[in-house]
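Which chain is which? They are A, B, C and D, in the order written, and residues in each are numbered from 1.
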């Protein structure tokens, strides 16, 4: 069966799974729920693979992206937003990542959530998320992409607040939702602007129009339409992908179950921003200013989040900030025009960050819900598999060859170094962030697994997780080892297969060959490795021996409290809003005007009734007379043209 | 003579006819009472009236005189208007109801053709029903007006009974109307004419030229309902002497009572005539028109009867009887002979002869029933009317219309 | 010159109006009922005058023979006495009579003013009216659905009356 | 030949008298009769019009009116009987529970 021709199957399957589980799952045993959830996701993964295969054949035949409109969704005037699905090389990468990683995490969840309440609810949400994510990825126009965009936002809200009885979880969900609203607002404005400019929101149309030679590249520092549009879109990306200054929701999102953190808040959803930027690279390349902003924001975020990550004691918080920082890397790549590198890092990051989160989850599982690294230690003996997997992930993220992140991060830094106006600075900061990254990751490793145990043996019974959890871990570990090898030949003068693969989308951009570049790249990668090693050494010096939680003051205190950004927002944004809502909107507008109007109407009616009531004497004869009065009025109206000469002595 | 008639006929003839009719009908009423008393007496193995005149033949006269001479007391606390109005209304309506009944085919005297009856209305049946419908007021008002609980109950009963049985009465006629396709009684009778004689009457309903169907069901329903309408036994609850003294006319005496009395018998005659017209072919002879010999039947009956009366009268005990009866016999004989001799008069008499013969038979049936049947209980009356008579007559309507539709095509 | 028909009309009209007035003036319901019967009978006479003989007959049979009998039956059943002239309703006491007269006045005035527009009854019209057959044709062809509806209405009314009249048990 | 307007005026007068009775009488049954009187007045107008226009439609309407009036009488009198049973009075002014 040609999957490509009816591509809608791929997103539909998870939706069905979600619907079935959501509607009937409550009654069913865990086994059935599992089979439904895993079945739908797995089949859709297989479909995705088949679709990719067919697409590659299609591309060989006629060199263009595959687009098919399935049905009209909104048609108003000259505006059309259809349910159109698109498949090109960029989509292929995202599709495989989403379905593949998503499937693995589903498997993992069956083990992790085994003892949780609302088992079916969890899987229903998870499948729903898969559906929306796939819509987002496959969308062929901004509107449909926005549907997926909002949908994943919803699912993230639902899943963060999965333990909705826990106030912190509920608040975190709300926070994520509200912060995202800000970004979405920007995104919508951007869409409107694009529609106003190009009279369409279909990717093909917009990009074709933007790619025309007569569309001038707006020079640096000039804010033309495209620049503003790109910046607005980037605001959306900032919100969704937790960049400065809207990153605050992501760390709190760790309140959700760990698989959720792995899937949504590390592997897939948060990278939607990157995907969106890469998807609209045509626009961005025409707006260098926007690109520059993207690069700076990404770079800054990478460093900033890494610094916070240094001192966190909650294992998931560390990973969360690490995620923010890695996303920063991706945006840095996009900002310097190395979209391919960005997507490459997106993929590898999906592998190893999912791996890390799942391992962390496994650790937490083993520790019976304990998340504070200061209460762990010496776990390496007890849970060896988890330890090894986590070690793989750490090495991968730290950027040691031949692990995945080495290649991706390396290419990003290389691109940054090569980019004009201030590329060196970006490179420097990026490098520094890399050092910090490897530091906090190995700190995590040592605090968690090395040293002697800092937990009470009798309270916590440490045990290795079941195969349903360790299995995905191993697969992901393998992937995060090999995931980067597409680019392996590039080191030895060969060509970067990944960039090659994406070149139909991004054009054969940054595979800049040449001997000089070659040597430079080698040099830079050696530097990067050295930086990672530095981080490793410092972490070893500080944490390999027995350590105790020290009192935090000074810089440490500042970092530990995340630069007081939350407090700042609370003071600057939240409190004024609260005050406004309470004293103006609620007490004046709502209570005063709206309720006043409603109650006023009611009271008026009551008052009128009170006076009119006296005509209702209950005496039938009075009623009869009233009937007569009414009849007289009616007849008067009807007969008026006949009567008024009679009444006013007119002559017929 | 004839030109005068041609000129003022429209004015003179009706007056004459009304005068004759009233005279005839009042006499008929009077002797109907006599007949009733006699017949019932014989049914009950009694003699009945036989003091006043031979075989009590002068009894009605005596009764009339008695009614006129009696004192007319008025009870206290009566509703005067109603009390006085009721008997007049009853009698008036009863007499009016006769005005639309054709007693025979159109006749021509002295070259002036007129219908054998007072008025010839083309909706005479409806008029008749209208009048009978109003008939209830007499009784109801009498019951109400005379300020007496028995009367009131009588009035109540009669009004309820009237309403209940009027429906059945009307519906049972619909079949006949469907056959005749006309409201005029005259046409209804003429429709029943056929060379089959009595077989083409509505009760048998065998006729070739137009769609027809036997109205036996309708006939029975009509007869029962008619008895109820005239408050006769077994439906005489308004005046059930064993329960309500005399029902609605308990408080009436002398002429007022007489009016009720006459009214009742007149309406009996009217209803019988209607019955005859609707189902038994009115004035039509039961024999096919081709049997001209049967035209002499009147005289064939009258002459022997007269002779027997004459012979029997001569042997009567009292002198008066020995004077009256032979005289009567002689009259009969001469009448029969006269008819036998003048064929024109004979032809003229055919219709009325058969008509009154049939009506007489029906009246006799009335009396016979009174002598035979016990009275209904009230709830039985209502149940019978609503749960049996009405459905049956409706079924008759449906059946008849279906059959006629089928026959038409 | 006043034709005989006109004379009859005026006699019947006078009877009708007299009946209506006496319906109001009589204090006893049964006398009011009798007055109403008078009105109805004279109306039937008027219908005959207009050549609508079937309507006339139906008027007497249904109204005179059924409806009013029902009224009188109920009056007897409830043994209604002379009505008591209470005046609890100020509205009716002061406003009622003039208003009612005014209403009648309005209609009468409207008719009087517009009587010019009315087509004078033609002989043809008279002829058309006399035929009961035509009436029935119309009733069962053009107005057959209303006719069926009315029959259904009657059925409902019968059921309603039964339900109302039977005692609770 | 009687002019149509005569009939109409007569029907108007009868209708007015009906209304008068409707508001003037106290006895439920009489009020009900007043309604019947009004219906009759309307019927007269109907027949007059159908005579004037030479179309039998008016008479059909009259038939319908009569039928409906009969049904109405049946139900209405049933109600009256119930009222009289419960209130022990036929005076409408004693039937005054229909109020606040």
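Definition applied: a residue touches a chain if its C-beta (ideal position, glycine included) is under 8 Å from a C-beta of that chain, and two chains touch if they have at least 3 such contacts.
What you are looking at is a predicted structure, and each value in this text was computed from that prediction instead of being measured.
*Asks:* Excluding chain C, which sets of chains remain joined through contacts?
*Replies:* A, D | B
*Asks:* Any idea whether A-D or C-D has more C-beta pairs in contact?
*Replies:* C-D
*Asks:* Chain with the smallest distance from its CA centroid to the overall CA centroid?
*Replies:* Chain D is the most central one.
*Asks:* If you average the CA atoms of chain A and of chain D, how many Å lie between those two points?
*Replies:* 78
*Asks:* Once you find the CA centre of chain C and the CA centre of chain D, what distance in Å lies between them?
*Replies:* Averaging C-alpha atoms per chain gives centres 6 Å apart.
*Asks:* Provide the C-alpha centroid distance between chain B and chain D, rounded to the nearest whole angstrom.
*Replies:* So the centroids are 37 Å from each other.
*Asks:* Averaged over CA atoms, how far is the centre of chain B from the centre of chain C? Could you give it in whole Å?
*Replies:* Comparing mean C-alpha positions, chain C is 32 Å from chain B.
*Asks:* Can you list the residues of chain D that touch 2 or more other chains?
*Replies:* Expected reply: 19, 22-23, 26, 93, 96.
*Asks:* Would you mind listing the residues of chain C that make contact with two or more other chains?
*Replies:* Correct list: 54, 58, 66, 70, 75, 77, 88-89, 92, 96, 99-100, 103, 107.
*Asks:* State which pairs of chains touch, listing all of them.
*Replies:* A-C, A-D, B-C, C-D
*Asks:* Any idea which chain A residues touch chain D in the complex?
*Replies:* 613, 616-621, 624-625, 628, 631
*Asks:* Can you list the residues on chain D that touch chain C in the complex?
*Replies:* By the definition above, chain D touches chain C via 1-10, 12-27, 29-30, 32-34, 36-37, 40, 43-44, 47-48, 50-57, 59-60, 62-64, 66-75, 77-82, 84, 90-91, 93-94, 96.
*Asks:* Which residues of chain B touch chain C in the complex?
*Replies:* 79, 81-82, 85, 121-123, 126-127, 129-130, 132-134, 136-137, 140-141, 143-144, 152, 155-156, 159-160, 162-163, 166, 170, 183
*Asks:* Which residues of chain C touch chain A once you look at their complex with the stated criterion?
*Replies:* 88-92, 95-96, 99-100, 102-103, 106-107, 109-110, 113-114, 116
*Asks:* Would you tell me which residues of chain C are touching chain B in their complex?
*Replies:* Per the touch definition, chain C meets chain B at residues 28, 30-31, 34, 37, 41, 44, 53-54, 57-58, 60-61, 64-66, 69-70, 72-73, 75-77, 79, 132.
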